[in-house]
Amino acid sequence: MQKRVEELTIIDKQVIRNDYICWEIQSDKVFDKIVPGQFINIHVKDSPGTFARRPFSIHTIDYHHNSIQFMMKVVGDGTKALSKLEIGDKMDVVYPLGNGFSISDEEESLLVGGGYGVAPLYHVAQELIAKGKKPCFLFGARTQNNFILLDRFKNIAELFITTEDGSAGHKGLVTDHPIWKERIASIKKIYSCGPESMMEAVAHIAEKNNILCEASLDQVMCCGVGVCLSCIKNTIRGNEATCLHGPVFNTNDIVW
Amino acid sequence: MQKRVEELTIIDKQVIRNDYICWEIQSDKVFDKIVPGQFINIHVKDSPGTFARRPFSIHTIDYHHNSIQFMMKVVGDGTKALSKLEIGDKMDVVYPLGNGFSISDEEESLLVGGGYGVAPLYHVAQELIAKGKKPCFLFGARTQNNFILLDRFKNIAELFITTEDGSAGHKGLVTDHPIWKERIASIKKIYSCGPESMMEAVAHIAEKNNILCEASLDQVMCCGVGVCLSCIKNTIRGNEATCLHGPVFNTNDIVW
Amino acid sequence: MVDLSVDIGGLIIKTPVMTASGTCGYGEELVDFMNIPDLGALVVKGTTLEPRQGNDYPRMTETASGLLNSIGLQNKGVHYFHDELYPRIEHLNDHIIVNVSGSRIEDYVSVCEILSDLTKCTAVEVNISCPNIKEGGIAFGTSCSEAAKVTKEVRKVWKKHMMVKLSPNVTHIAEIAKAVEDEGADSVSLVNTFLAMAIDAQSRKPILSTITGGLSGPAIKPIALNMVWQVYQAVKIPVIGMGGIMNAKDAIEFILAGATAIQVGTATFIDPASCIKVIRGIEEYCNEQGVKNVRELIGGLII
Amino acid sequence: MVDLSVDIGGLIIKTPVMTASGTCGYGEELVDFMNIPDLGALVVKGTTLEPRQGNDYPRMTETASGLLNSIGLQNKGVHYFHDELYPRIEHLNDHIIVNVSGSRIEDYVSVCEILSDLTKCTAVEVNISCPNIKEGGIAFGTSCSEAAKVTKEVRKVWKKHMMVKLSPNVTHIAEIAKAVEDEGADSVSLVNTFLAMAIDAQSRKPILSTITGGLSGPAIKPIALNMVWQVYQAVKIPVIGMGGIMNAKDAIEFILAGATAIQVGTATFIDPASCIKVIRGIEEYCNEQGVKNVRELIGGLII
């Protein structure tokens, strides 16, 4: 879909666990196809400390209502100011941005996520399921309470979890989960989104096992449309703007 | 009363005529004596375009509840941002500032006001009445709709009005009102607050008739405590900070 | 109908609004957001003789009402621009102005020579003010004699419009402007970014990989506005003003201070359609104020 | 207990936080808001030989994250300060630093001579950087030789601590700093305000009566921070940093960049208790970070 700047209307706001908000924002105009892994870039008004826009992954799309859901963790001034908005208020959004994941034809795929990185994987799984594929989620967190909305994910696909403190699921990092040993032969594609260290570790496993792997990078962004060149990542093609040529990269192309 | 910086709690908010708000804000701490004509200086959060504080005259004080009422006209970014606050929210206020009017012992006095300048005259009248004096209001506006809360003033003292378009009261400027001819002999003190041109015209009448006259100047302010020297007015003593040596001046001292 | 066209020194552009170099990529990135041909000119990313990877990440951070960057002129070099990029973007505007940078005078000259045969490249903007490369750049822009030298050498090979972009990191910017005017610059553009720095108190480290960078955005507007006004009074060639222009009101202020045209930089990061919104806003302002011709406003400050 | 005392060059002050000249009056105006003796020093309003009315109203306006002023050194002259003001404020701090301004070198010298006998006036801040007076002021601060000359002449008559306040409106601020160090300055303070301008697009007039003024506040912080860092690397005498410090975090950044002490200016207009809040915040930061002595942080930027 063509990129645009638009004032979208907040039609739903769910506060989860105090520090996460799940928003739904609606456009007056019709949506074309939006690719899972694409993101939106929001202008924060009423926050003197916030000058640049703030990027958030698209969690899911409702094409009937031309609305976008995204999950926002409240971390600093920008997200704090946004968190004060209510249903009916407007958000000034540039969207849809970035390349998104390439939803390919492999039968089985693993969707590895951590932190707010799980958000776009929901959209990925939806597309895979629509194509008749079998996605499987593997999420990691430091401790049980750090997960959000696990039920929502469980409802659409198989879900495995790890926690560093062992409070839920397998104890350890996502890369320590037994699933890697058990299913490594059948997994043909990995989609990952989360902390960079996690994505890098996953990429190494993928590389060793010759699995196609895509990761959605989390560079600090500003313009979101490829013109400021602040969000670069070194790739085999040189420094690339992650907002334009990414945020999703084939992990083999990334110089970590 | 000693000056202080404090977060006051909004305990009342009345929107009047769309563009005026009558606020009541309350302190946890006890008030000492606040002089009519003193003002408060508010820090506007959540407004990227507003850097300096914004000054507002005290409309009246409730010493039992340690609360201050003030009337705010919504004109620009700062007042727009403030207008979004609700009962229960806090305002970051420096107060009480300036010298205030000298409530003197003259039997009859005229309180001449225009625009938001009427606000502090209410407090002045209250003090005069408490002292057993007879204040009388004379307010001017361009047109009838520009007056606010006239009833409130009418309730405590005699009230005359003028409008430039003749839509209410006497047609013309406040200085055109017949009261000047009728009562000039008995008026011993004038308190004025409003547009500078009005206050200057009133001051000339006062001077000609040898009436003691005080005016509350409306210079653009910043610090409100006499340290930035931005709010100066030329007086017979040289440039003086109106926030510290004013906002109220004996009009004979002002070099208009 | 307001006439928005201006003459920036032998070059007539249809509106007084251009992109600022390094803030609009090559124009292609913005086609979804606005009709690029409506802009007065498209000023593309700083271009050097050799490709440059730019500085390491992180190379941008927010400051109060501003941005601090040390991109460091990442670009694929003039040959790539000439052969690959230009053909892709030549339809985007009648005036594609290439911002030319280098660390040696010979580099500026070579880049300009290579660009000479590109029809739509009707002007170059000689960047003697980039704070983010180690040698050259800003060094040329902070001394009258060096600034004059670069201008003189480029003038020898570049026959079309030559705009020289000045650094604000100087004591007397008007003197630098006069020096480049004397050597044949057709216009001056100002300002480039201010040398600045950001530190993370918690980690006690600089935020940018390069320690220092260049400050842009509304924070610098009042300083830039004064510089435009100073230069306007000192030179006869047109002045292209920029520095924190976020909307039409800001643009009008620069024009009143003496700018014949203006560039929109950082604003594009906040709203990718900023340039076109500024143009529409200038038009509205002219309509409201009864201005038939935007040229009436140039240097029209009432004092 | 954190030790907050610092030595700014033969003068030990109990905390590294001072008021900035022209932003705290004479301290008296702020007694309701904080305990002035807790500050490292009280730097009072710019003082000239003769009384000055300052510039016409309006002489201040808001800009994005900043303030633009052209107060123009309104003060009642050094004799009034000596005879009337000093006795009233001498109890407010052990170090009352008078900011000395003038349009001729002889004026600086005379003012300092008159101040010599005031016990609590342990230092002067020689202001060679005021952008808001017609002659002198900034002219002294934008040339190494002029800056050196003022410093040299004042040094002859002023035996106590001499701080020289530098202008940021220069190409190489470190060179000016070195010039005044060579002539015997005990410390340098920087930065003063940036020459800047504001225009009202609607009326097409300048907003200030003086057309241009000086910019202060958070907008300039990243530029000021870089200048402090540059000067810190160039001179051996202590650097007093300022420019947009609004809170303890900002103050720590300046100290990490090389400031031995800092001054709080514009912040006082937004919160009259800013200085004391900055001191408390520095103390907290030191406690959190396990810093026993604020001196450990000076120039402690990790690169």
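Just so it is clear, A, B, C and D label the chains in written order, and each chain counts residues from 1 on its own.
Here, contacts are C-beta pairs under 8 Å (C-beta built on N, C-alpha and C of every residue); 3 or more make two chains touch, one makes a residue touch a chain.
What you are looking at is a predicted structure, and each value in this text was computed from that prediction instead of being measured.
Compared with chain D, the chain whose C-alpha mean position is the greatest distance off is A. Per-chain CA centroids place chain A at a distance of 36 Å from chain C.
Centroids built from CA atoms put chain C at 49 Å from chain B. Spacing of chain A relative to chain B, judged by their CA centroids, is 55 angstrom.
Taking the mean of the C-alpha atoms as each chain's centre, chain C and chain D sit 34 Å apart. Shared contact sites, meaning residues of chain B that touch two or more other chains, fall at 48. Each of residues 63-66, 217 in chain D touches at least two other chains.
In terms of inter-chain touching, the protein chains here make up one closed cycle, each touching precisely two others. Contact annotation for chain pairs lists A-B, A-C, B-D, C-D, with touch applied as defined.
In the complex of the two chains, the chain A residues touching chain B come out as 45-48, 81. Interface residues of chain C, counted against chain A in their complex, comprise 22-25, 29-30, 32-33, 51, 53-54, 57-60, 62-67, 69, 71, 74, 217, 268-273.
The residues of chain B lying in touch with chain D in their complex are 2-5, 43, 48-53, 94, 219-220, 222-223, 225-230, 232-234, 238-239, 244.
Across the interface of their complex, chain C is touched by residues 63-66, 68, 142-143, 169-172, 194-199, 201, 203-206, 211-212, 215, 217-223, 225-226, 229, 244, 249, 252-253, 256-257, 285, 297, 300-303 of chain D.
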